[in-house]
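Okay, so chain A shows up in both of these, paired with chain B first and chain C after.
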Partner chain A sequence: MSKKVAFMQGNEAAAHGAIYAGCTFFGGYPITPSTEVAEVCSIELPKIGGKFIQMEDEIGAMAAILGASLAGAKVLTSTSGPGLSLKQELIGYGCIAEIPCVIYNVMRGGPSTGMPTGPSQSDVMCAKWGTHGDHPAICLTPASVQETYEEVIRAFNLSEKYRTPVMVMPDEIVAHMRERVVFPEPGEIEVIPRKAPTVPPEQYKPYDTSFGDVPPLAAFGSGYKFHVTGLNKMQDGFPTTKAEIVQAEEERQVRKVEANVDDIASFEEYMLADAEVVVVAYGSTSRSARYAVNVAREQGIKAGMFRIKTFWPFPDKQIKALAAKVKGFVIPEMNLGMCSLEIERNAQGKAPVLGIFRVDGEPINPDQILEKIKEVK
Partner chain B sequence: MAFDYDKWIRPGKLPHIWCPGCGHGIVMKGLIRAFETLQLKKEDTALVSGIGCASRLPGYIDCCTLHTAHGRAAAFATGVKMAKPEMNVILVGGDGDGTAIGGNHFIHACRRNIDMTYIIMNNYIYGMTGGQFSPCTPTGHKASTTPYGNPDPGFDIAKLAIGAGATFVARGTAFHANQIDKLIVEAIQHKGFSVVEILDDCPTTYGRRNKYKSVIEMMNRLKEVAVPVKAAEKMTAEQLQGKVLTGVLYKEEKAHYTDEYAKVIERARAAK
Partner chain C sequence: MSRYELRFSGAGGQGLITAGIIMAKAASIYEGKQAVQSQSYGPEARGGASKSEVIISDGPIDYPKVTQCDALLAMTQEAANKYSHDLKEGGVLLIDSDLVKIVPPGNFKTVAFPIINTAKNDVGREIVANIVALGAMVALTGQVTRENAEKAVLSSVPEAFIELNRKAFSMGYERAEAAAKG
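This part shows the complex of A and B:
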């Protein structure tokens, strides 16, 4: 039997990917250009006995998914721009209380209301530094509709595996363009369930590190009773200000991600083997970059592309290795230089970093990238 | 017979953080009596709060407890209830948490008529941060941020809840301790969003700025202003001046949210 195929938007594919991953709860608030995710969830979730709720605001939507996740559901919210700013308060709550959830954020022009229908890539720093305090960050930046579908599934898996919020951040172009999607059969893509407690309720502690850096999370209403707070907490979930415990817990929360970069980070190496000029791109911009690299090759320039699929944790190791052997980096991005900062940090002056920055709501075209590739001497 | 509060108190979590004379402990005891009267199962009961003195209450109670962010209790609780409609979901918090920063979540939980119970301890002040005025601080009263008297008019929480669509609204006071559990029992038994406002006192940050000489004086004021709804029916407008009605103020049987969403699921499945 042939696989099911559809022609759909990135946003629609995201909703279907979430359902494949086992999502049974969506809490959201309407916002351009991400609303289609909510609309598809409102149609599809009740069909499988799942729940869709449109909350009174973005903060409420984030709160509702965290509450539902604690009650055992795999949960999703979608938003954009100002909505992401509002959600930051409780993204931090999800990080410290270690509640799995997926936040799908479509990057539009900003700051503030900015350009609601224009594409942008200016939320990538917000994904890591948006909520206050030190915390882990995982952020995926898909570049096609098929990849959006698959990366949403991976986001759910990472969220459950590491018990932390995960963001998926397509730019508006990826979110709204329509492409062919081939749906995987059930079981074809791995779906990771939440690690359930193995101890009886009376022995259960929600942050019991004897089970490793990612302790099992019980669900409210499943026979386990425990305390959850946004305060710095002990292994039993109750608040503490004891210096050594707070330090150890904060470090563990960040270590969950930082010690597993090789498992989480994903990227594509395109014509990199002999490349002298490396275009580092992500999202829809990588599609222009691929074209530019192809044209450069036709013209005899040894260009290649390093495509970031996982923006956070950042692929430091790979960029450092490239910096040691290439003549220069070209970074096209729809912001005023965000990924470029990370490349500069990793290049450590060993290779020049040339940026192409657009914030006018227009995509970066291949000609601009080709021109910049030629500037690398 | 002495009531066994220990059954519901988490071992090792007392003493609580509340100041001597604060009424929150009276409310907590009322809540425990209500839980015990209803024979709630700890594993199937979620107690959700925001931030503030009153919001520390869940930490002391032995059930599924969720101490959320400032003002967000109703929105977190909505997620819990939607995911597990069979759970008893009870919210606790203060007036600032519930009606200022959490005001939007509060009125929309009322509007949805989602089957949860919200106990608001109204002590007219932000106590934890040291006594700033809240949306419930009476006009003219003093707080650390209204040194010349509060220019703001205050909210009537019960009227706000009724206006927003809550289908059970009651009011008690920390002085009328024996009434608290009865109101909470009725609120939890009610199908739909129920609100119980408990007029409370904060001697530390409110009383001392507003010429209350002692906790006893604050408690006596609660005794003096409270008029049961039944008694109020026989009183004139003049006699009711400066009084506050207590008891069950509003009750209506109406479709509630998780039941309505179950119908959405049925319709979606039929349309498949």
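This part shows the complex of A and C:
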């Protein structure tokens, strides 16, 4: 039997990917350019016994998904810049209380209301530094409609595996672009379930590190009673200010991601084997970059592309290795140089970093990238 | 590799984004090619500039936007002025002859007929002007067969409006063929 295909937007594919991954709860507040996710969830979730709830605002929506996740559901919210700003306090809560959830944020022009219908890539730093305090960060930046579908599934898997909020951040172009999607059969893509407690309720502690860095999370209402707080906590979930416990817990939370970068980080290497100029790109901009690299190759220039699929944790190791052998990096991005900072940090002066920064709501076209590739001497 | 670029432009509310989606769907789902559709529009629901871009290719499509346009539909004078500059030599420009009075200069073929009036008076409903325009674009570009495009149209509209849209599509297709022959 041939597979089910559809011609749809990134946002629509995201909602279907979430359902494939086992999402049964969506809490959100509509905002351009992410509203289609909410629309599809409102139609599809009730059909599978799931729940869709439109909250009074983005803060309420974030609180709703954290609550639903603690009750055992796989949960999703979708938003865009202004909504992402509002969610930040509770994203930090999700990090410290270690509550799995997926936040799908479509990047539009900012700050503030900015340019609601214009594309942007200016939320990638917000994905890591938006909420205060040291915390783990995972952020995926898909570049096509099919990849958005698949990366949303991966986001749910990572969120459950590491018991932490995960963000998926397409730019407006990927979110609103339509392409063919080929849907996988059930079981074709791995879906990771939440690790359930193996001890009886009276012995259960929500942050019991004898089970490793990612302790099992019981569902509220399943007979397991435990305390959840935004304060620094002990293994039983109650607050503490004991220095050694706070230090160890903070380090463990960050270590969940930092020690597993190789499992989480994903990237594509395009024509890098002999490349002298490397374009580092993510999201829709990587599509312009691929076009430009192809034209450069036709003109005899040894160009290649390193495409970031996982923005956080950042692929430090790979960029460091490239910096040691290439003549220069070209970084096209729809912000004023956010990824470029990370490349400079990793290049450590070994290779020049040339940026192409656009915040006018227009995509970066292949010609601009080609021109910059030629500037690398 | 074959890369064919189309742009549907005009004012918000004219249904041009829908026309672009159906063209891309015809290529991607029914014709077995690859297609990407994207759009840009202002915050207004009606009025304001609107454009929908479709890239069709036999292979994978990287850059999803128009670089050099092969075929342009302009449903307002503003759109004709604004978007004809990157129309390829030998490309095709389709305009509504009632709305675009000043034909932009260039080495491309211009095809003109009263698109909205055809929908209103000959098909019977102005609302299907976008499907008349789509039929015309299918005839002029030859990127998808008439049959596959019609399938895409009919699978995209509510059941009660299938006959209306079928008629709109056919009329657009035939008017454009006749107009192109001059």
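One rule holds in what follows: the second predicted complex is superposed on the first by the 377 of 377 C-alpha atoms of A that agree within 3 Å, B and C clash if a C-alpha of one lies under 4 Å from a C-alpha of the other, contacts with A are read in each partner's own complex, and residues count from 1 in each chain.
Convention: a residue touches a chain if its C-beta (ideal position, glycine included) is under 8 Å from a C-beta of that chain, and two chains touch if they have at least 3 such contacts.
As the structure is a computational prediction, the values presented were derived from the model and not from experiment.
*Asks:* A:A73 in the overlay: touching chain B, chain C, both, or neither? Say first, second, both or neither.
*Replies:* So A:A73 only meets chain B here.
*Asks:* Touching A:M177 in the superposition: chain B (first), chain C (second), both, neither?
*Replies:* So A:M177 only meets chain C here.
*Asks:* So, does A:F7 touch the first partner chain B, the second partner chain C, both, or neither?
*Replies:* Once the two structures are laid over each other on A, A:F7 reaches chain C alone.
*Asks:* Is A:A281 contacted by the first partner chain B, the second partner chain C, both or neither?
*Replies:* neither
*Asks:* Give the label of whichever partner, chain B or chain C, reaches more residues of chain A.
*Replies:* Tallying touched residues of chain A, the top partner is B.
*Asks:* Of the residues on chain A, which ones does chain B touch that chain C also touches?
*Replies:* On chain A, no residue contacts both chain B in one structure and chain C in the other.
*Asks:* What residues of chain A sit close enough to touch chain C in their complex?
*Replies:* 5-7, 32, 116-117, 173, 176-180, 284, 287-288, 290-291, 294, 363, 365-367
*Asks:* With touch defined as at the start, can you tell me which chain A residues reach chain B in the complex?
*Replies:* 24-25, 27, 43, 46-47, 49, 51, 53, 55-57, 59-61, 63-73, 75, 89-90, 93, 201, 219-231, 238-239
*Asks:* Over in the complex, which chain C residues touch chain A? Could you list them?
*Replies:* Against chain A, chain C makes touches at 21, 24-25, 28-29, 34-43, 61-65, 67.
*Asks:* Over in the complex, which chain B residues touch chain A? Could you list them?
*Replies:* The contact residues of chain B facing chain A are 10, 13, 42-44, 46, 48, 58-59, 62-69, 72, 75-84, 86-87, 104-105, 107-108, 261, 264-265, 267-269, 271-272.
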